[in-house]
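Both complexes below contain subunit A, partnered by subunit B and then by subunit C.
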Partner chain A sequence: MQSFVLGRVLQAAFIIFFIAVSVFLILRLSAGDPARIRAPVFARPDVIEQYRKDFGTDRPVIAQLGSFFAGVAKGDLGNSFRFQEPVIDLIARALPKTLLLAATALAISLTLAIVLGSMAALRPNSFWGWLSSALAAFGQAAPVFWFGVVLVLIFSITLKWFPSGGFSGPLSLVLPAIAVSLSILPTQLRVLRAAMEATLRQDFIRTAHAFGLRERRIVFVYALRNACLPLITVTGVDIGYLLGGVIVAEVVFNFPGIGELALVALNARDYPLIQGITIVTATTFVLVNLLIDLLYGWIDPRIRLEQP
Partner chain B sequence: MTTVTAIAMQAPRPAPHRAWRAALNPPIVIGAAILGLAILSAVLAPVIAPYGPTTIDLSAVRKPPSFAHFFGTDGVGRDVFSRVLYGGRVSLTVAGIGMIGSLAFGTAMGLLGAFGNRFVEVAVSRLIDIQLAFPYVLLAIAVTSAVRPSIPVLILLMVLAGWAGAARVVRGIALQERGKDYVKAAAVLGVPKMRVALKHVLPTIIPSLIVLAAMQMAAMIVFEATLSFLGMGVQPPTPSWGGIMLDGKNYITSAWWMTALPGVALVLTSLALVLIGDGLQRRFNAKGVR
Partner chain C sequence: MSADPALRFEHVTIAFPGAEGPLKVVNDVSFAVGSGQCLVIVGESGSGKSMACQALLGIVPAPGAVSGQGIFWEGRDLLKSSARDWMKVRGAEIAMVFQDPAAALNPLMPVGRQIVDVVRAHRSVTRAEAERRAIEVLNQVGFPEPERRMRAYPIELSGGLRQRVAIALALACGPKLIVADEATTNLDVSIQAQIIGLLRSLKEELGISIVFVTHDLGLAPEIGDEVLVMYAGHAVERGPVREVLDRPSHPYTIGLLNSAPTLESSRAHPLKPIPGQVPALDEIGAGAPFRSRCPVVVSGRCDSAKPDWTACGGGHFVACHRFAQDGIGGVQ
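Up next is the complex of A and B:
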């Protein structure tokens, strides 16, 4: 178990390092000049040069890379060009909101996947079977931003039930979370439904029936525990996709999270901010994946025992 | 449907019409009909469209849907319906190229991941992990902050965002095939690994690739729209589905049709592709093909 955890942690560290270096190099080698964007349009050359000095972009790329990693080692991601504030502070303000949105969306989609998927596996030709097929297809076909706009039109502008954007309490989480959850629901729903169908055909389920246990208990307690494993795996793989959806939803709903910050950083060619966001997001992703790997062993003791 | 397929498979020489019927199930038929309509209306846009896609009419700004303008008009009086028809040409072409590119690259990587040497195998599977780890929108932000957004860049992003999913599926199947006797036999006969992969294993993957193609095309249509909506995809004045919706973004409160209706066209098209993919998958499953 220990060597397994250590191996996964090393792998995770390598992936984060790889992403950090590639983003750094892509930005330095081909992006526009942040000094020109920051300076007034008709700024004198020496003013622009001063900005370059301030930003440190006048030095060779290798030197910039070196000082960047020296900073990261100390937990310093540099100062934002645009906001003139430490990147780490900006991210620390935005990240919790993004994670909250992602977690809410995930909770909604997992609940729907488990309830609808189980019902659909139990009675494929019922209304539930139809509904889960329809939701899976629709979720795959509808872009998050469009579904978000439609939700705003219906529930915010017409019915005035929820705020249309910003962040002012739990109510403003509802619409963006629903929009995001629809995008990750299809895979989860399909996987759980298939796994549940396979589980319900197994001997121990028949035995449980023979013992006279109630169907609801059999499905949602005994079968679900087995059918959950593939669901957890795809949830782990889809975390990157989930974060992508969250970023889009943040832009649509003006939600003050990482995604909105990233778009501002993009328009300002704010290298340190883009780098910081990328690294923090990738790290979050890798950590969540690690957590899921460990969770796997916790849910299914068979896997834990097989680990050397 | 399964019974029809079973009958078709049992009969020594199935009657042609029965084999034809077996190839169809309701999702495929409905999906193909909608997709056909979408492609046709994009191809025939110059004939069908009541107005030019960039014709500005300042006397008809932000008019709600009516018989004169099915989808209403936008902020400078352009007919949204005509723009959606022309936008379909751009969106479908770009998504199609992106789908083919990501599938081709993904298949190549997937086969390499199963039939390369030890180092290549590990490198490919790590690369797939990294790619899947990276939120696609963040990748797009990083790339478009480096180079100006354009259609070729958009296609490159599609390939980058889509190849890993395809590679994972192909690699999974190829790894299963690798353990089978015919592959071992070929190895014993001294057939080069890559030849086995391309000549013998690749054909077994084709059914999955067809399903994947339909799903990937739907995903690419959504991807194009999302990036264009964020201003990182197709640039104005070229109409694309995402771009048209971006034009309407600032008028959501006053002119809902500018974003909602082009979205309906887009969702119907990608829904058709998902239905086709689902239907094919169901049919392959019923026939015992993967």
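Up next is the complex of A and C:
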């Protein structure tokens, strides 16, 4: 188990390093000069050159790469070109909100997938079966930005129940979280429903029935634990999808998270900020996946005990 | 058999919808189990043994339909009782031990918790009391170090220990009848003997009635008082174990005995497998179920009418046209 975790951590470190280098190089090879964008329009060439010096983008790429990683090793991601502020501080302000939004969306989607998927597996021809098929199809068809706009039109502009954007408390989370959850719900719902159907046919479920356990306990305790294993797997795979949805929703809802910050950073060709956001996002992604693997072993003793 | 059997399974039919009408996987089968007695049900794969057991517990899978005169448990007809009443009976009064304990236990739950769950489903006790009960029954079935090892998951236990857990699960609520559906089939011979010994001691010491399902007629004397031979959903022979083994009267029973390996089987007395295969259920129709493989068919009778029970003496009955006609069902 320990060597397993150690291996996964090394693998994660390598992935993050690779991503950091790639982003660093891609930014410098692609179009757009941060100095030109930051400098006043029609600025003289020497002014622009001064900006380049300030930003450090006048040096050779290899030298820039070296000092960037020297900074990262000390926990310093540099200063933002656009905000003239340490990147770390900008991210520290935005990341918690993004994580909160992602976690809320995930919680909504998992709850719906588990409740609806289980009910649909149990009674495929009931209202539940219909509702879960309908939701899965709708989630598949409706893009996050469209659904977000619809939610704003109905629930904040017409009904005035929730704020239409920004971040001013828990209520601001509701609409974006619902919009995002819809993007990952279809896969989760389908996977849980299928896994639950398969689990309910297994022998140990028959045993539980034969011993007079209540159906609710059989489905939501005995079967659900087993049916959750594939759900956890797809959730791990879909974390990237979830983050993508979060970024879209942050833009639609003007939500001051990492996604919105990334958009600003990209438009300003703010290299340090983009690099910082990429590293932090990739680290989060890898950590979540590691967490999911550990969760898997924790739920399923067959995996835990087979580790040499 | 005692005068008032604890369980009477009377003319029960279990049918599944088929392409051409219902398929009767259990066809008008009756048996009874006296309290503290053991009935052995034998038959090849697909003869409907498990279905009959599942009917006893009311867990025949959909779309199977159970009909008949009744399944009388201590005087009341389970077929007519409500789902709620039946749920109180199963697991508590009638408990089942399944064939494959690796599959029958929840793989993601420690074995002790599964016993605790069953106890708490039927008795209003605290978790601590239920745990004490779990330890008690695990001790009873010879599960070593129950306090510690009840936290093990099924995968951490050997096949024999898993089957002991399954039996402990069955004992948890103090049942009066245990249905053991091929409870020893997947085990090594020595473990098999231990498990049969355990079941026999439950019968003899606690007075628990047992329905013991097996492929192996040779196991019947180890534990059984009565035996019921099933073939393709039909009951074909029944009676006290010694009677049936000493004077097998249905050609199928005789075939089973001839094909079973024994200590005496050798080159001089080679095993004689029953030729042919169990027919599809929709091919049996109105005649004797065994006729397609029977060496002693009565022409004109066996393919048109189902044989009635004929008494062979000593509480031993056989459903065979040949026996009814000649007083003998074949040569052993």
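Going forward, the second predicted complex is superposed on the first by the 308 of 308 C-alpha atoms of A that agree within 3 Å, B and C clash if a C-alpha of one lies under 4 Å from a C-alpha of the other, contacts with A are read in each partner's own complex, and residues count from 1 in each chain.
Definition applied: a contact is a pair of C-beta atoms (placed from the backbone, for glycine too) under 8 Å apart; a residue touches a chain by one contact, two chains touch by 3 or more.
These figures come from a predicted structure and were not determined experimentally.
Peer 1: Put subunit B and subunit C onto subunit A via the superposition and say whether they clash or fit.
Peer 2: fit
Peer 1: A:19 in the overlay: touching subunit B, subunit C, both, or neither? Say first, second, both or neither.
Peer 2: So A:19 only meets subunit B here.
Peer 1: Considering only C-alpha centres, what angle arises at subunit A between the directions to subunit B and subunit C, nearest 10 degrees?
Peer 2: 80
Peer 1: With the two complexes superposed on chain A, say which partner A:160 touches: subunit B (first), subunit C (second), both, or neither.
Peer 2: Touch status of A:160: no partner.
Peer 1: With both structures superposed, pick whichever of subunit B and subunit C touches the larger number of subunit A residues.
Peer 2: B
Peer 1: Pick one for A:222: touches subunit B only (first), subunit C only (second), both, or neither.
Peer 2: Second partner only.
Peer 1: Who does A:212 touch here: subunit B (first), subunit C (second), both, or neither?
Peer 2: second
Peer 1: Using the superposition on chain A described above, determine whether A:74 touches subunit B (first), subunit C (second), both, or neither.
Peer 2: The answer is neither, since A:74 touches no partner chain.
Peer 1: With both complexes placed on chain A, how many Å separate the closest C-alpha atoms of subunit B and subunit C?
Peer 2: Once the two complexes are overlaid, subunit B and subunit C approach no closer than 10 Å between C-alpha atoms.
Peer 1: Using the touch rule from the top, collect the residues of subunit A that touch subunit C in their complex.
Peer 2: Its residues touching subunit C are 202-204, 206-214, 217, 222, 225-226, 299-302, 305.
Peer 1: Applying the document's contact rule, which stretches of subunit A touch subunit B when the two form their complex?
Peer 2: The contact residues of subunit A facing subunit B are 11, 14-15, 18-19, 23, 26-27, 29-32, 133, 137-138, 140-146, 149-150, 152-153, 157, 237, 240-241, 243-244, 247-248, 251, 259, 262-263, 265-266, 269, 274, 277-278, 281-282, 285-286, 289.
Peer 1: List the residues on subunit B that touch subunit A in their complex, please.
Peer 2: Residues in contact with subunit A: 126, 129-130, 132-138, 141-147, 215, 218-219, 222, 225-226, 229-230, 232, 242, 245, 249, 252-253, 256, 259-260, 263, 266-267, 270-271, 273-275, 278.
Peer 1: Could you please specify the touching residues of subunit C with respect to subunit A in the complex?
Peer 2: 54, 57, 59, 61, 87-92, 95-96, 98, 100, 103-109, 117-118, 121-122, 153, 155-156, 169
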